[in-house]
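What follows is a short report on a single structure.
Naming follows writing order (A, B, C and D), and every chain is counted from residue 1.
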Amino acid sequence: MSLDKNGIAQRIAQELRDGWYVNLGIGIPTLVANYIPQGIEVEFQSENGILGMGPFPFEGEEDADLINAGKQTITAMPGAVYFDSATSFAMIRGQHVQLTVLGAMEVADNGDIANWKIPGSMVKGMGGAMDLVASADNIIVAMMHTNKKGESKLLKNCTLPLTGVGCVKKVVTNLAVLDITPEGFKLIERAPGISVEEIKNATEGRLVIEGEIPEMKLN
Amino acid sequence: MNKVVSNVEEALQGVESGMTLMLGGFGLCGIPENSIAQLVKMGVKDLTCISNNAGVDDFGLGLLLQGRQIKKMISSYVGENDEFERQMLSGELEVDLIPQGSLAERCRAGGAGIPAFFTPAGYGTEVAEGKEVREYNGKPHILESALTADFAIVKAWKGDTEGNLVYKATARNFNPMMAMAGKITIAEVEELVPAGELDPNFIHTPGIFVQRIFKGEKFEKRIEQRTVRPKN
Amino acid sequence: MNKVVSNVEEALQGVESGMTLMLGGFGLCGIPENSIAQLVKMGVKDLTCISNNAGVDDFGLGLLLQGRQIKKMISSYVGENDEFERQMLSGELEVDLIPQGSLAERCRAGGAGIPAFFTPAGYGTEVAEGKEVREYNGKPHILESALTADFAIVKAWKGDTEGNLVYKATARNFNPMMAMAGKITIAEVEELVPAGELDPNFIHTPGIFVQRIFKGEKFEKRIEQRTVRPKN
Amino acid sequence: MSLDKNGIAQRIAQELRDGWYVNLGIGIPTLVANYIPQGIEVEFQSENGILGMGPFPFEGEEDADLINAGKQTITAMPGAVYFDSATSFAMIRGQHVQLTVLGAMEVADNGDIANWKIPGSMVKGMGGAMDLVASADNIIVAMMHTNKKGESKLLKNCTLPLTGVGCVKKVVTNLAVLDITPEGFKLIERAPGISVEEIKNATEGRLVIEGEIPEMKLN
């Protein structure tokens, strides 16, 4: 059975390591915060200017001056810090953030990513995505394996305007976990009940399959 | 060095059609509401607005879009606004999209006398078109230039008569860099206090960057995405 | 995310001969005294030290010079120190002099992932030799590159267990930028408090830039030029 | 009678304008703060990180954490701000400081200045001087007209390593006030009792003398 958004988030959360600062993009990535493994401490950065982001506020306690990059009202953890946008991207560009998780429209087997623009359609802008993907050492893409038309989003080459080149390290989809390697997408894990064949069929880019591919372990 | 002006009318004197303005804020958080309302009232046109976002249809910079007062937007993300979309697709509105970190750094550079710098953001994308590329530490970087404005309009939590500013929580965002980059910088504040009342150790924007300061009449502080947990 | 180490010995673990260190402070103001004393004790040699000044003969970096532990100084002003003069004139010590603003900006750039930037400072002087020149706004600028260090060692007034730092008055100086630019950043503080005690709105160095923090055993805080008015 | 250091400072203070932020270098420039004209408000920036510098502290009230760029203990005025060195030079480089007053070893008639290095002698470093002279629109040099050997410090060309090129706008010495113009040093005022002839003799660079040269007015 393919994963839902929460399943993808849960699997990505297994990649977290103690002591990491993490930037979570809008959508599925945001859900990762709900699945931090026991015994692990991580801190969330939101690029509009907070480190140590907490959960949503209790009803009636929202503060218009305290939001995340998705413009959602949030809270701050003890030890949090607020800062300006230049300092925020100094953290990102200067590689002080250990992990970036973001969504994508397309990922290519060389690590290219497209997630900001569909020509001819409305252009909303790249926000902080280009800075994030150009800077982070460790970028995980969280997305569905195929688009609404059933077409693969894991491609030989991105067809949409790029957000960054050769930057994605890992992709976690509703079907699989894949590393980006010089040989293409390397299949690491299958979603529970998903066959290698199904993943093959849903992947347009070069796919490397070596040995037995284990199933993801989710609690 | 008293920078206080008595109201928003006085604060925005000299803003004219065709000028380039920087406006602080991220989404609707930390935007200079009172000044935007005054710009609507003044009816200045053909503005180039440098602002991370473009407001929503009926608030923030959306109000200037409604009145077709903006000729060009320089932003990183503009997708919360139907009127914006209409004007952009019809070609009425020029839009220059810039990675958010580059936008912040370009404003800071403008204020800091750094005319250009290299950044990895945008390499290999549309953003890099026509820009110089140079490799540092084995990674390609593009050359980005400083941004400045005729007027920078920022919003702070507290300010003193010398123009020293303090922002609250994530309402800080682009305000400090834009305050640095305005030929004339206008600050609207929720609380205006005498010089000496703010702790000199904890000021976000030193008054040297601010030419005019006033207490905003009212702050709606609209929330774009109200997300909450139920109380048990 | 607890960054606390129990003492200066633990804090400086891993500092080795031949490394590049950044050390905060301006003159003797805001220097990491406890860490410098520990570097003397450790006897590490051939250090490249990036610091605005080089201390005085018997305090600050002067102590490392006494022990011939420094191979190269990267500074803007070094003239308060006889032993420094002797070693430099005899060729024992390499010295790279950098305009103070360029030094500050190069450290910030190192921490902010900006590999290079243009500045007008030093154009037409020895400092510009071998550097690319480009005109912006009718004025020549030179290309300066980022600085980073194996360890950055800074001194703050207060710090919390997460590594968030607050500096006092002009003891801030180079500390915040150097904190950003160290591969490993060590902070010695006068007061160490639990996370949550510092106001998140008024933190000078966010803990993300700091890997190790400890409470300094004692701070002499020597004054270089004691200038006073008589009380009437 | 040629001016002493306080006289030079007093004359430079007449150049201050209401609302200016001013950076004063070490030595004679520091004394300018003692002669701010009545009715004028200026604020002093010291590049180590303070705006709104006040007088020296009362005895016993010195704070090791509160010094100026000359490493002297100081006080802060109400409304003062402390900031880091990068922000400090952002103010300077970004031309937010309206006036810089500094000393010099040599000034050339094209505005070049040398004040940081004597080859073969001890090199102390340029500190913030190169940033200041490269950035400020308005730079006044405060110095003696001649050196200890009696040689002119107002030259055709600087002989010492430069601090900045073509940047000085005005020179105030113990003998005269001179503007830097495309034609060279333009004599604006004479020190009380100093003749044009004396100034001519003490000036090696091109000197422009037009009409009657008034005497400085000092109180």
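By definition in this document, contacts are C-beta pairs under 8 Å (C-beta built on N, C-alpha and C of every residue); 3 or more make two chains touch, one makes a residue touch a chain.
Just so it is clear, the structure is predicted and the values come from calculations on it, not from any experiment.
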item: Chain A-chain B separation of Cα centroids, rounded to whole Å; value: 28
item: Whole-Å separation of chain centres (CA-atom averages), chain B against chain D; value: 36
item: Overlap residues in chain D, where contacts from two or more other chains coincide; value: 76, 82-83, 86, 89, 92-93, 135
item: Residue numbers of chain C (touch at least two other chains); value: 105, 108, 112-114, 119-120, 167-169, 200-201
item: Topology of the chain contact graph, where touching chains are joined (line, ring, star, complete, other); value: other
item: Touching chain combinations (by label order); value: A-B, A-C, B-C, B-D, C-D
item: Chain B - residues contacting chain A, complex; value: 26-30, 52, 75-80, 85, 88-89, 95, 97, 99-105, 107-108, 119-127, 157, 167-177, 204, 221-231
item: For the chain A and chain C complex, residues of the former touching the latter; value: 19, 21, 41-43, 45, 51-52, 76, 78-83, 86-87, 89-97, 135
item: Chain C to chain B touching residues, read off their complex; value: 105, 109, 112-120, 134, 136-137, 141, 145, 166-169, 199-202
item: Interfacial residue positions of chain D with respect to chain C in the complex; value: 46-50, 55-74, 76, 82-86, 88-89, 92-93, 112, 117, 122-131, 134-135, 161-166
item: Of all residues in chain C, those that touch chain A in their complex; value: 1, 108, 110-114, 160-162, 164, 180, 194-196, 200-201, 203, 206-209
